[in-house]
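Down below are the structures I want you to see.
Next come two complexes, and both contain chain A; in the first it sits with chain B, in the second with chain C.
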Partner chain A sequence: MTRLTQGWLIVLFFLLVSFTLALSTGPVKLSFLSMSPTDRVILFNLRLPRALSSFFVGGGLALAGAIFQGLFRNPLADSYLLGISSGASLGAAVALVLGFTSPIAVFTGVSFFSFLGSLGALALVFYFGSQNGAISTFRLLLSGLGVGLFISSFVAILMIMAEEELKALIFFFLGGFSSSSWETTLLALVFVPVGVLIALYYSRELNVLLLGEETAKSSGVNTKSIQAIYAVLAAFLTSVSVSVAGLIGFVGLIVPHMIRMIFGADHRVLFPLTFLVGGTFLILCDTIAKVIIAPSELPVGVVTSICGVPFFLYLLKKEKGEYGL
Partner chain B sequence: MKILGKASTVALYVLTFLFFLSCRPTPQERERVIIDDLGHRIKIKRDVKRVVSLVPTNSEHVCILDCDRLYGGTRYDHFPEELVKRVKEGKIKIIGGGFDPNLEMIIEIEPDLILANGPSQQRVVLPLKRMGYPILSLYPKNIERLKRDFLLLGEILGRKAKAIKIVKEVESRLKEIQKKTRPKKRIRVYLQTWPNPMITVGKGSFPHSLITLAGGINVFGDMLFDSGKVGIEWIIKRNPQVLIFTDHQAEFVKKIVKRPEWRQIAGVKNNHICFINETFLRRRIQFIDGLEKIYECLFLRYADNKTL
Partner chain C sequence: MWSAIFSLLAKKREGRIRSLVEMEGNTILQARNISFGYEKSLVLKNIAFSIRGGDFVAIIGPNGSGKTTLLKIILGTLSPMEGDVLLDGKPVLSYAAKERAKKISYVSQEPIFTFPLTVLELVSLGRYVHSNRFKQRPEDGQAVEDALRQTDSFNLRERKLTTLSGGERQKVLIARTLAQTTRFLLMDEPTVHLDIYFQLQILKTLKEICREKKSTVVAVLHDLNLISLFADKALLLKSGECLAFGKVKEVLNEYSIKEAFGVDVATKKDSETEALYFFLRNVLP
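Up next, the complex of A and B:
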């Protein structure tokens, strides 16, 4: 077996284990063989959508991170680049502090407006980051920085206006799946798989692009449109994740690096594995968040950092070869 | 005779002088030393006339006792009505919020007492403290401390009798409730203060004490924090007989009562759900109003969803 096949098997195995764990862990002990109506409700209305939510959000964030890192050739790029988190925060803060509710019944005010906010921020970032219709990654990065900082100041103003909403806002900043239902999961369930397919479809072109724009052009890759497709795709994946689960840090930054350290930087391999590992990782973290300070729950963002960073640092120390994008 | 007369006049003068001297308050008497809830020793004038409060509940307490002496409050002060009226009339200045008070405005008021609350506000008031303003931190952890702090405030404001009267009334109403709840079986209660994420109250919180005194058991009374996020599965597991929501959550409740997972909960099945205004759960001397409302929700009329 090659290292890659082994890797795939291990990843799928862990996914299966974590999914089973997520479905069987919780305050109520389910008897899977003879289920009571309550057991059934808990399994199918609560645990299943929650596990799926965390899988697709984790996968989406990790994939978005991998795309951004490749696209910007910057190891510090993560899924919240391009002002997405600021835009989403502003949307959430507007919904919470000013009491706006969602016009679409299946969404909560926070998830609707954070989605809207992140898309709005993206539009601004792409507007300022492009010149004559062409996007340069460098410009995009700086534009994201500027727009993000600008929007953050409005979030701060709303935070000062907030009273009891402040705590809810903080929970949004830290992310979580405690109020997951099929409705909240829907968005991720529909859009993330589509995003994954698009990312895979163009991954060969992205590989070529990373050899340098000149090389890419000479081998017939339309560099500008590939860059644009990936930037929009990654940003959109992040927006979806944020509106489902709030801001969950770390997954988008670290998971792609882990995969790269172990399996190398070929995007045809990197993308699917990053997606699966990101999803698995977040399922596990959410399960821990659910039980560790029971009956209360930790924000899942806290768990992702506490559990993920040590492993990441271990890999960093262990990896002897020349590591790079 | 003449000499004697003169001597007696002198003696009279001296005595009068001595009398007035003894009457003039000594420095210790013009000020009193108080140790506040944070253990700080502070010196406060005997007759405090101008108070600035950085906490809504403290503003409310001062206004109940003697609203004339409240010169500065926060933008979150909504009680009692007298206070709101005075703010409109410009008699009470809004000095900002608890964490962003305008220090210049406070100094302009020339307060002889500034009321703060717990450790979280100490950083903001530090400059005022350095300038020598007396800062009293009232941070009652439980109802006993709350009553004591209120009496202390009454004494400081020269309204001791009024404070005692109010506390006595609160105590007798509390006794009344306890008399009624004693023979009753305790009821499992879930109190939610925020819908998304769902936030409830824990052991150390004030609403937890209110629920307990009203004859209920807080189903998350084992949670270590004052408030925390909980998942619906835990609520199903704890199976509260009564659910109380703060009253801005009507929309949320309308949605969840139809959901199958919420239908697993006894209180939802029996439609034993109440709404309460958040101000009734605050750490204020009128807490008894909220307590009575919770009692009413648990034991009296609960045929349908009630706003208390």
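Up next, the complex of A and C:
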């Protein structure tokens, strides 16, 4: 059995375990053997969509991070640090304040505006992060930080101005799955897998792009269109995740690095494993968020950050030039 | 039906290209009065030359004389302000990326290794344009292995790029280009970071593929003696102008080196190979 096969089996095993954990924990104790109608409602209308949401959002965020890192050849890129998530949340906040109130309109309006927001943020970060078409590691990150902070301040202004929608807006800052329903889950359930397939389809081209644009062009890759496809795709995955669960940091940063350290940098392997591990990681984080101070809940973003930031700092300290920092 | 139409169209196109090539003899590449620059300062001024199949051409010139820019224009990733480059009789800019990558490959001067790909993965990327998205073909594996063996880096194949020394990196980058199996190879300082043993090894390999496969190599090189030994032709650049282009013996001598670099050299002819050797003069006070 190769290392890769072992990896797949371990990942799938953990996914199964975390999914089972997510379904079987919560404020109400369910008796799985003889389920009452209430138990059934709790399981199928609350816990199942919540577990699926967290899986696809985690997978989507991790995949978006892997894409941004590969696309910009930058180990510190992810939706959160690049300010793309902020753009998505501003878009979502604007949609909420403008008052798309019916359930279906919230569903489409929020996600659509959030997509526009993330594209706008991406364009700004790209514009300020590049010089003569070249993008440097630090320039891009500083540009992302700047744009992210700038956009977040507008979200703050919106929050002060919009008293009625305040609660919904706060939700976008904290991030979480406590209000997951089938409606929001469906968004992730439909769009994230499409994103995964597109990411996988062009992963060979992204591998070649790791060698730099000039070399990729000379190898036969149509660099402009591949870069455009992946940039829009990562922004799209980010906006879907933000529309479903608000701002959740660090999943996109740490998961791709974990996979790269163990299985290498080939995107054909990196993408599917990153997606699965990202999803599993967020199911686990959400389960922790759900039970650790029960009956109340921690925002899942707090849990991912508590698990994610130490790992991030550890990486930063351990890095010996292998990642070109 | 579609495939029949496509093959018919392709044949027609091939026929047209062949007739153009025949017209100009064995010319594989022709640069026609290329100029390139930014606003007021020209990086390249009116460069013209043509290269035959099977030639090993060295581009030589002081730092900043426009060598890399010239390579990128030949490669077709940079478009000149004036003039054009014909590859197999067709403007290089008119090729689709994939079509071009089957004809011309490139080793860049500043490789980027951000993420830890393995050597095998890197060299396999050279097969991108030939290989299939969904299935692995044995000939791709063979081409990769050949390229690794030609550059004496087969034993490095499981290593991560990020752990290689400068010389090892250069070798596997060249292996990647060889795996692309093009008839035309462009190399920006392929011997940089290599010790004299590996410089010779790489140049021998390149010479071999020129002789045996009738491939054409255009490489930016700095060592006058190695150029004398290995290259058939040389193009001497200074401040974006072509000082001379032709057989190495005719291009490189005491006078042209003095003019291009401002360095005094003496030459001596090797009685066996007739290659010129260069010695530095008037260096120490």
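We adopt the following convention: the second predicted complex is superposed on the first by the 228 of 325 C-alpha atoms of A that agree within 3 Å, B and C clash if a C-alpha of one lies under 4 Å from a C-alpha of the other, contacts with A are read in each partner's own complex, and residues count from 1 in each chain.
Everything below uses one rule, namely that contacts are C-beta pairs under 8 Å (C-beta built on N, C-alpha and C of every residue); 3 or more make two chains touch, one makes a residue touch a chain.
Small disclaimer: the values here were computed from a predicted structure and weren't measured.
Novice: Would you sort A:204 into first (chain B), second (chain C), both or neither based on which partner it touches?
Specialist: A:204 contacts chain C only, not chain B.
Novice: Where does A:215 make contact in the superposed view: on chain B (first), on chain C (second), on both, or on neither?
Specialist: It touches chain C, and chain B stays clear.
Novice: Look at A:75 in the shared chain and tell me whether it touches chain B only, chain C only, both, or neither; answer first, second, both or neither.
Specialist: second
Novice: With both complexes superposed on chain A, which partner does A:179 reach: first (chain B), second (chain C), both or neither?
Specialist: In the superposition, A:179 touches chain B alone.
Novice: One more residue to check, A:264. First (chain B), second (chain C), both or neither?
Specialist: second
Novice: Is A:28 contacted by the first partner chain B, the second partner chain C, both or neither?
Specialist: It touches chain B, and chain C stays clear.
Novice: Using the superposition on A, tell me which residues of chain A are in contact with chain B and, in the other complex, with chain C.
Specialist: none
Novice: Residues of chain A touching chain C in their complex?
Specialist: Listed in rising order, the residues of chain A that touch chain C are 69-70, 73-75, 201, 204-205, 207-208, 210-212, 214-215, 217-223, 260, 264-266, 321-324.
Novice: Once bound in the complex, which stretches of chain A touch chain B?
Specialist: Those residues of chain A that touch chain B are 26-28, 38, 41-42, 45-47, 101, 108, 110, 160, 163-164, 167-168, 171, 176, 178-179, 181, 290, 293-297, 299.
Novice: For the complex, give me every residue of chain B touching chain A.
Specialist: On the chain B side, the touching residues are 76, 97, 100, 193-194, 196-199, 202, 220, 222-225, 227-234, 236-238, 251, 259-261, 263-264, 278.
Novice: Which residues of chain C touch chain A in their complex?
Specialist: 72, 75, 77, 97-98, 100-102, 104-106, 108, 110-118, 121-122, 125-126, 128-129, 133, 160, 162-163, 176, 180, 186
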